[in-house]
Each structure stands twice: as structure tokens, then as C-alpha cells.
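What follows is a structure written as C-alpha cells; I'll ask about it next.
We call the chains A, B, C and D, going by the order they appear; numbering starts again at 1 in every chain.
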Amino acid sequence: MKNLGFLFAANLAIWGGIVFYIFTLMKRNRALRRDLDLIQETVKKESGK
Amino acid sequence: MNSFFGQVRAIVWKDFLTEFKTRELFSSMFVFAVLVILIFIFSVDLSLVNSEEVGPGVLWVAVIFAGTLGLNRSFTLEKENSGLQGLLLAPIDRAAIYFGKMLSNLIFFLVMEAFILPVFMVFFNIDLLSNLGPLLLVLLIGTLGFSALGTLLSSLSSNLKTREIMLPLLLYPLMVPIAIGAVRLTEQVLTGGALGDMMNWVGLILCFDVIYLAVSIMTIDHILED
Amino acid sequence: MSAEHELEEEETGTRPGEGGQVLFWLTAVGFVGALAAIFVFVPTEVTEGIVQRIMYFHVPCAWVAFFAFFIVFFCSVLFLWRREREWDIYAHASAEIGMLFCSLVLITGPIWAKPIWGVWWTWDPRLTLTLVLWLIYAAYLMLRLQTAEGSARAKYCAVVGIVGALDIPLIHFSVLWWGSQHPAPKIITSEGLGSGIDTSMGITLLVALGAFTLVYFLLMSLRVNIEKMKDEIDRLKKQRLYSN
Amino acid sequence: MVQTDAPPSNEFAIESKGLRKQFGLIEALRGVEFRLRAGEFLTIFGPNGAGKTTLLGILSSLTRPTAGQARVAGYDVTDNDPRMRREIGVISHASFLYPDLTALENLVFYARLYGLADPEAVALRGLEEVELSLRRHDKVGTFSRGMVQRVSIARAMIHNPSILFLDEPYTGLDQHASLLLERHLKELKTEKRTVVMTTHDFGRGLEMADRVAIQVKGRFAKFLDRADAGDAAAFERLYIDTVEGVL
């Protein structure tokens, strides 16, 4: 069971990397979603007039 | 076809005329290359290493660094007063513009190399004259690939705000095959070996030259139009 | 007006649809399977010990990176040919994901190499190629970052995507021939993986490869979705801007 | 590429249908439609950012339209046909000249690019026409704005084009240069060349025009015969009303 540290480090890097990327994607997704909803609402309101 | 070469010649003629008047391109490239060689000599103790082994690398690094300077300059020249737009308005093929710029870059690089070689010979104490023929051949095929890819990428990066930074960032990783191959071949030539023993490298560099000339002709239309 | 609107929303697919759900669950299952295979099923390799398990992540990461860069090339060619924004989006998304996995390869490689080879890094052809690839696509993404959005950016990036991919075989051969002049890694060459492989290891590697490929597609769908949402916002903004 | 040797005959020198051009979020052109007969002089007025330069860019095949069609001298502008570029000349605020070369060398260079016989003679003749033959051996970089513009006129006319695009040619010109330019434009008119000019100068723009267009927000808001446009004062009122109406 020697070198367990290396295995742990490699796993940390991979999972950390992927999870971090997914996290940033989600964050951007949410922000854009909000923007989109806001604009869609305004457009709908304006075209309703 | 005749007019195609006429147009390419006109562009090369124009670049040379400009260069003869200003000499800014050549002088800056040459001085910069000498500086690169000097810095390397300071950073490597020549009494400890074999100069035939270190020399080729230094020579090519100097050529590529100085060449990048020239590439940047060559397209900013076209951007002043929108000269490039004038070229685009002329009834010529986009490929002729590429070939014209590529050829004048190539010739400038070769002239610069011709001036650097004596400096290199003296500083590194290497006898170039006995192997001059193969050495020139190696310099020619390596520089051809460099200017083929360099002209394509500098025409691309000349449209960017950060062109001076982006050109080397894009160019250098793609230059890896030529950088390695040309250094190997130069080393072989300088140590008196036959070029025929390293035909795989010659083939690789020629492949590079052909691929990038072909890709440039196919994609230059997309880069030059708005 | 409103009916037309809803139709367009369907088309751009900004909300995760049925397909996205299936892909997500498939990936999740694949992953649990891969983890189980790597940490429970497969026996510890005799010579390399426990560190060898890194390989089951490292190799799939490398595979996904290469696959992603191939997709960049493919979409770049299609973009220059068809001039459709769609292909530019795919190329962009794939380059970004390829960079992620390429980085992971470069990080996990040395972590594996240190206990096995005794050094963090050696100029082995495969390592060198991966490093150069990383640099090429880093430049590609920087080019995207520094150019204003629009058809010009898409064209420049497509050209770099094509040029970069065509360079890969040349780089491969050059670093291969170059590396052969340097001393080979001391303890075990990277060749050791392929030769000493047995069935359970093979199965585990295959499962991991499958799982990581699914992750690639999942990330692609997320990333493409973001880009399409941006386009939709731009479209709506423009519609408001010129609504006279 | 399949090409026939005879240029396509067409009674309209310029035809544009639903031209659109988008730069990122901004739509520079939003459906420009007009037709211009050979030999007509069109002046386009419009506020800054109306897309006048973009329109000329598309018509001179420098810029590719996002949508729509345009035919110039019978050639589709998106075909990228070198023969179409032989028919057009462009004068814009950028001179397209190399500052380190002399006036003569610049013109010789362009004459060669256009594949003209005896480039030196053609270049000299061009310089004589813009009254600069005395300074033919001086670098363009040392010239004043007016002189540069005159060389630029000679450059645009060197291959004797049938269609000319002028993008705000009066900007930055002194009195003398403006007069020279005006004289040239009048010559172009008598030579029955098709001209499209954009300008902010009502008097000069109206003087030579056969047709007048007011371009606002990427569209031709008005496209009139010169006779319907009235005198300069009346047209200025029309212009302001049109622009304010659209904005």
C-alpha cells in the first residue's frame, strides 16, 4: 500500500478538474438563463403593447 | 498563369523597394539575431560544451526569433494606410498576395541568414565553409516552412489587437517539427555527416513545407476577406 | 408572434431536453461502473503497485483529449466549407474540453511517473507530444478570447484548428525521432502498460474509456448549450434594438 | 470554376437586393435595395454609423454580406471574380498607398498589379492628371493630406474603371484639393462612368448626383431622383426629417 499519496493526488486532480469545470459551466448556465428570461419577458411585454 | 506570376513579382518588387529605402526590416532582424546568439553564448559556457552540439540550436533559435520580428513588421506595413485593402481590390487572386508576401519574407530571411552565418562561424569557432552546400540546403528547406506557416499566421494575427503577442504563441508550437528537424540536420551537417543518413528528417521538413503551402492557399481566402 | 417565439425556443433547445436526461443518467451509470471496476474489480498490478490504478484515468483522459482535438479539426473544416455558426460552436466547445483533459493528462502523468520512473518528467515522445498539443490549443483558445465575436473570429479559429491538427502527425514523428536520441526511462518504459495487460485490466480500461467518452459528450452538450443561449440572448437583444 | 470570357451584359451597373451585414450584435446593413443604371451618379447621405462604408465595402467585394445579393457590373459580388474588381475603383479615407514609396513607385506597383502594359507610362500619365508629376520622386509619406488624396485618385483611376466608389472623399481636404477633386468628379460624369459616393457635404453631394439616397440605420430610408430632391436647403430639411423619423 505504498505510494497511496500519489494515487490520491492523481484522483484529486482529475475529480477536482472535472467537477470544477462542470461547476463553472453550471454557473455560467444559470447566469445566462437569468439574462435570457429577463430579456424574453421584456420582449414579450413590449410586443404585447 | 503568366499574370499570376506577374502579380506575385509585383508584390515582391514592392516589398524589396520599401526595404531598400528604409532598411528597417533587415537591420532590426539582423541586430536582433546577433543579440540572441550573444545572449546564448553568455548563458552557456562554451569551454564546457561542444560548440558543434549547441551551435545549431542557437542558430535556429536566432533565426526563428528574428524571423518573428520580421513577420510582424511585414504585415503591419500592409496595415498602414490599409495597403492590404488596396491589394484586395486589385483583380488578383488571393493566393497571389499570399505567395508574394511569402516569397519576400523568405528572401528577407535567407538574406538575414547569409549575414548571420559569418557571425555565427566566428563566435562559435565552427568551420562552416567545408560543409557549406548541405548547410545552405538545410537552411533553405527549414526557412521555407517557417515563412510558409509564418506568413499565413501573421496575415491572420495582423487583424488582432494583440498581434505581436499572438503571432509567436500560435507559431512556435506549430514550428516544433521544423525546429527539431532543422537543428538535427544542421548538427549532422556541421559535424561532417552526410545528409543522406538523415533522409527521414529531410522528408519530414519537406512534408511540412508542402502541407503548409497547400493549406495556406486553401485557407487564405477566408482570412483575407472581412 | 408568441407562437413563433415558442417554436424558436424549442429549436434552439436552451432547456435540457429528453436527450440530455438520458445522456446524463447513462454517464452516471457508466461512471459508477468505471469506479467500481477501477477500485474494486481489478486486482492491484504486481510490479507497479497501487499507483498503476492512475492509468485507468490517465489513458482515458488522453484518449478524450485527442478525440476532442480531432472533433475541433473536423468541425473547423466543416465550418470553412459550410459557413454555419453551428460548427464554430462545436469546435469551440470541443477545444475547451480537450484542453481540460489534456491538462489532466499532463498533471496525472508526472504523478504516476514519479514513483514508477523515479522522475516527474522525461522527454518521452508521448509526453512531449501532449505538451506541444496543450500549447497549440492554449493558443487556439487565447485567439478566441482576444478576437471580437463574429464571423472573422470563427474563420481565424477554424484555420488554426485545421493547421494545428495537420501538425500533429508531423510533431509526433519529430518528437519520436528526437526522443530516441535521449536515454530511455530507467525503470519501466511506458510500453509496459500494453505488454503486461491481462483480461481484467483490459476490461477495466475499456469501461473507463467508455465512461470518459460519455463524460466528453455530456460536457459538450452543456458547453454547446451555453453558447447557444448566448446566441439567443444576442438575437433577442438585436431584435429589441431594431424593433422599429 | 467555370467562367465564360464575355462579361455578363446588364443594363444596371449596380443591383442590390436585401443586402444585410452583421458584425456581432450590430447589424450594419438591414436590407439595402437599389438599382443604378450605367453612367448614373448616386450620392448617399446618412448619419455616422448608418452603414455607408459597409455598403461600399460589400459592393467592392471587400466584405462578404451576411444575406442578400448584389451585382456589380453584372458580376455577383460574392463570386470573388477578379474581372469584377477590374471594373471598379475605390477612393476612401484610407489612401491604400505605401508611405515609404514615392508617388510614382506606388502607381507603378498598382499598374503592375492590374497587369497594365507599360506601367511606368501609365503611372506618369496618372500623376500628370492630378498635377503631381513634379513630385513624382518624393515619398508619399512626406505629402500633405490633399496631395495624398490626389495620388489616391490617380491610383483608383489607373485601370480606367467603369464604376467608382467614393467613401467620403472630401474628408480632410483643403480648398485646393477639394476643387481638384470636384473637377475630377465632373470629368467622371462627362465620361459616363457610374459613381457611388458617400458624403456629409450637401452642396457638393447634390451638385453632381443623378440619384440621391438617405441611408439611416442600415437601410435606404429615401432613394430619389435628383430632380425630386429639391435645392440644398429643401433637401437638408428632408434629410433631417427623415433621419429623425427613423431614429
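Note that in this section contacts are C-beta pairs under 8 Å (C-beta built on N, C-alpha and C of every residue); 3 or more make two chains touch, one makes a residue touch a chain.
Not measured: the values here are computed from a predicted model.
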Selected interface, C-D versus A-C, where C-beta contact pairs are more numerous: A-C
Length of the line joining the C-alpha centres of chain A and chain C, rounded to whole Å: 17
Geometric centre distance via CA averages, chain B-chain A, whole Å: 44
CA centroid of chain C to CA centroid of chain D, Å: 49
Distance between the centres, which are taken as Cα means, of chain C and chain B, whole angstrom: 33
Per-residue overlap in chain C, given as positions that touch at least 2 other chains: 237
Interface hub residues of chain B, defined as touching at least two other chains: 226
Chain A: positions in contact with at least two other chains: none
Touching chain combinations (by label order): A-C, B-C, B-D, C-D
Of chain C, residues touching chain D in the complex: 148-151, 234, 237-238, 241-242, 244
For the chain D and chain B complex, residues of the former touching the latter: 57, 60-64, 80, 82-86, 88, 90, 92, 94-101, 105, 109-110, 112-115, 139, 155, 159
Chain B residues touching chain D - in the complex, by the definition given at the top: 3, 6-7, 9-11, 13-14, 17-18, 21-22, 77, 80-83, 85-93, 221, 225-226
Chain A-touching residues of chain C, taken from the complex the two chains share: 1-2, 5, 14, 49-51, 53-54, 57-58, 61, 97, 100, 103-104, 107-108, 111-112, 114-115, 215, 219, 222-223, 225-226, 229-230, 232-233, 236-237, 239-240, 243
List of chain A residues in touch with chain C within their complex: 1-4, 6-7, 9-11, 13-14, 17-18, 21-22, 25-26, 28-29, 32-33, 35-36, 39-40, 42-44, 46-47
